[in-house]
């Protein structure tokens, strides 16, 4: 029989992930800050609890999918009650994209309660999460990794083992998101160059994937950036800004100048300053169009609605 | 029977390309500035001539593969004798990576002799040229494109039609080379971040192509940059500098700020200033390692040999 | 009779500042983490104490000169004993270059003890501090500013009033340091351009101050950068890195893209990664020389000694 | 008696300069492409001619003040009739801001006619030209410099001798303009940081010149950038773009990576792409405001009027 899984955080990523655990036959106990998101999972058999610590099964598995380092710190890291219930022998599988230093610090803190912290950040957007086709980077203590593996396999199409350092998986995840954002910036500049020289943006995007850039990143993001279709925000620009900030923070603490990451940060920050934080993160391409004197993307409806 | 092809420029790209025309059954007349490179083709049946204008067949096809805008201008553009022999109805297929403005200017100049200039820059390195697996971007007058097509098909795995503007194919080629160099810079920064955070460069490179960057660019360049293996110079860093300069020059004349291209330019220029122009262009990644206090690539043997 | 001043932090700046207070007739009680630096002031009449809280005079004035935000937080912000003794009606004059957000947070925390926090960051290097020729930016509650004024006048040649927001003075100080570092980078690039074009670096530095850049920044830093004389470290490169990081952190939280600050950060970080953190901060100019293939500055002796 | 001076180019700089030569008692022969600008000088005694070559006095002095490298090349460099009349022993004093390589090439070409080319670029805007308070950088053959000196002294407040290389004076001039533009960018970023943190732009500008940035550049440009007053265009943004482009071109040919110059170029290019080329070049500061989500400068009326 499959063990109970505690699940914390039912955002755009957490909700389909928890759903896949249910589909795989795991009993799941869920908690989310805003209770509205809990209902669909309850309808599918999840047990809903009103405080995060109640999801914990002594010596069991806890999966978290939280917005950022600070929320992860608050909801789990500083939640003594939760960690006390979970440990000893409990495992916390943290799927959020956070700083490696955050993972290392949390691993240290969890240990006092006998809980093992595993970093298991995921690569893929909500549609990939729903299809259980995420890519998952995993690091932390070996025995815990072993136990976590079947659960993670229910969430994605591949789990990559990155060894014992709980920060390692986050390093790789940040590197990936940095590479994604870099490809966006490069396409934004290339397509704008083409556009102002009389060659259609879409034509260049198409040629890329028919020649040497034949992979999902250039196919999917290339199409969005060529068509300047920056809504809906599958992965929001504000989250892109957060991730690029984490890249720069990690680069600074390990003394790695990353001028391209600095450039990306300046563009994400500008887009955010202009009220475009709720656009899809491909919307950062609008900065390039605008600098070339072309029309900028409209602030997202969500953003407009809030003001 | 296949028509005679004049071929000018037998460098690392031109030589295998001319060889493929011979292999496809075309009679080929070749010229190269330094005669040493002509012998292997002569042995395979090419007719060798001592002045560029002698390759021209009246009303026929001329293919050029020359180092840069200036050499193309001198050897063909300003060669009245050559253009007089070739036209009218002659076609010059220019496969070099040059500025769109150079193509437009040459097309204009050729027209006085009844010659049609076609831009047909090629994507791929010498090994792809040898295997007739280049990607070819083609633009210029429609009838001429029609006539050039069978010849170009003997050189590559795909020919992409970019319409009538003779500069259009160059715009696309420059965009591609810019995207390639951008991917290199991004990987250089990402791998160095990983390295200084205890994650092996090669591991990240490997994960990229097993997940969302599964395409030749990240596979081939990723491996080189992960292993910091910047020799031999299949496509030399000095040529990368030339191409990024052409990108910026085209961007300036069309008023497109390209901060990422500016960054690439600064890195290629630095590598060149340090005597690394003969390394493979992936050697630009050394700038990132060096800025992080790690060991830099050795100047190429060729460069060392010259000094 | 002049009131007793508590003084915390006797580094390169704090020591001459405390000395000037003594010279102006103030009774001074001093504390420093490493006691060695206390002796010279004791010899001049300062009372030396062994714990920071002992410098506090109830309802009196406390001046701090600490290395960075974290140390300030630890030694004063989190020191309940110190704040209890000092307040109510006590004033803490914080002369460190810290983030505006740090000042605002500390002001909030001090208020619980009845203590007023004033931000009073100083512009000038140790020689200016010794000569009581610092420039001082001051912000915080008006009555407290009034009381602090005579003390600050004993330390500098000018005190500028920046209003009630305790963060405002830090904003201005960070802006100044950013402008200083920007001028260094600009001179480094300009002098290197001259050098590689056959014009002596010193000649350009000289012409600047004889024409439109006739001010201390270009005169003093210009001379150092022209002569590539980056030792001794009057203001260390590692502190420059800290300040540029504070600039970027403040810029991020207020959504101001500062690409020039990003560039400076990358150069300071690179210099630090190469072991040059103990050079004078003008040593950042070495990054520009090195990128141009010219000789780099030697790591500081101090840095070398540590390895 | 003072020798006749030939004067070519009566733009915003040339007109007041020619006027000062008249005021100093020199007989002046003037030519300008558009004849309208000649009248005011004719009224003051200048002899107006209808073709540039007619200003030349055999073995005499010719001063040119032309828009850019290309115009200088066309109107003087390629004007055989002009050079034939002027030389031998004639001197051409070229006051334009052009590339060092242009000066070197022209010096070479002039020599065939016995004419000496002197580079004498000037630092200062039209108001400084009118007040004969320009700073002048001079390089070229020594005897010619000797002869040119009295004439140049009538135009400025200081003449700086930069030796025999005709390109040297241009190197220094480009370095100065680069430093000016760098100071603008730095102030734009610093003032915007202040503004979004509640500190008035003008307050920071004021503090700069009251402390360590007490020089004309920060005083004058600081005021303009603080007040965001980018009209009238005393020195147009389009000219700033031209000069930064010359800096980068010179940097590339001498292998000096100048990332700050690259950044400036991207900002000037963006401003130009948005139709702001006729603003004062301080208008480049608008790029920083805009990236921070603040209002951008209006395109200049002149620009608007043309469209």
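Points to keep in mind about this one:
So that you can tell them apart, the chains are marked A, B, C and D in the order they are listed, and the count of residues begins at 1 in each.
Keep this in mind: a contact is a pair of C-beta atoms (placed from the backbone, for glycine too) under 8 Å apart; a residue touches a chain by one contact, two chains touch by 3 or more.
This is a predicted model, so every value here is computed, not measured.
Comparing the chain pairs B-C and A-C, the larger number of C-beta pairs in contact belongs to A-C.
When each chain is reduced to the average of its Cα atoms, D sits farthest from subunit A. Distance between chain centres (mean CA atoms), subunit A to subunit C: 39 Å.
Subunit B and subunit C have CA centres that are 52 Å apart.
Residue positions of subunit C with contacts to 2 or more other chains are 251, 255-259, 263, 266, 269-270, 273, 291-293.
Put simply, subunit C touches subunit A in their complex at residues 245, 251-252, 255-259, 262-263, 265-267, 269-270, 272-273. Remark: subunit B residues 100, 123, 135, 137, 158, 160, 162, 165, 167-168, 171-172, 174-176, 178-180, 182-183, 185-187, 189-194, 196-199, 203-204, 207-208, 210-218, 247, 250-251, 254-261, 263, 288, 291-293 touch subunit A in the complex.
By the touch criterion given at the top, residues 259, 266, 269-270, 273-275, 287, 291-293 of subunit D touch subunit A in their complex.
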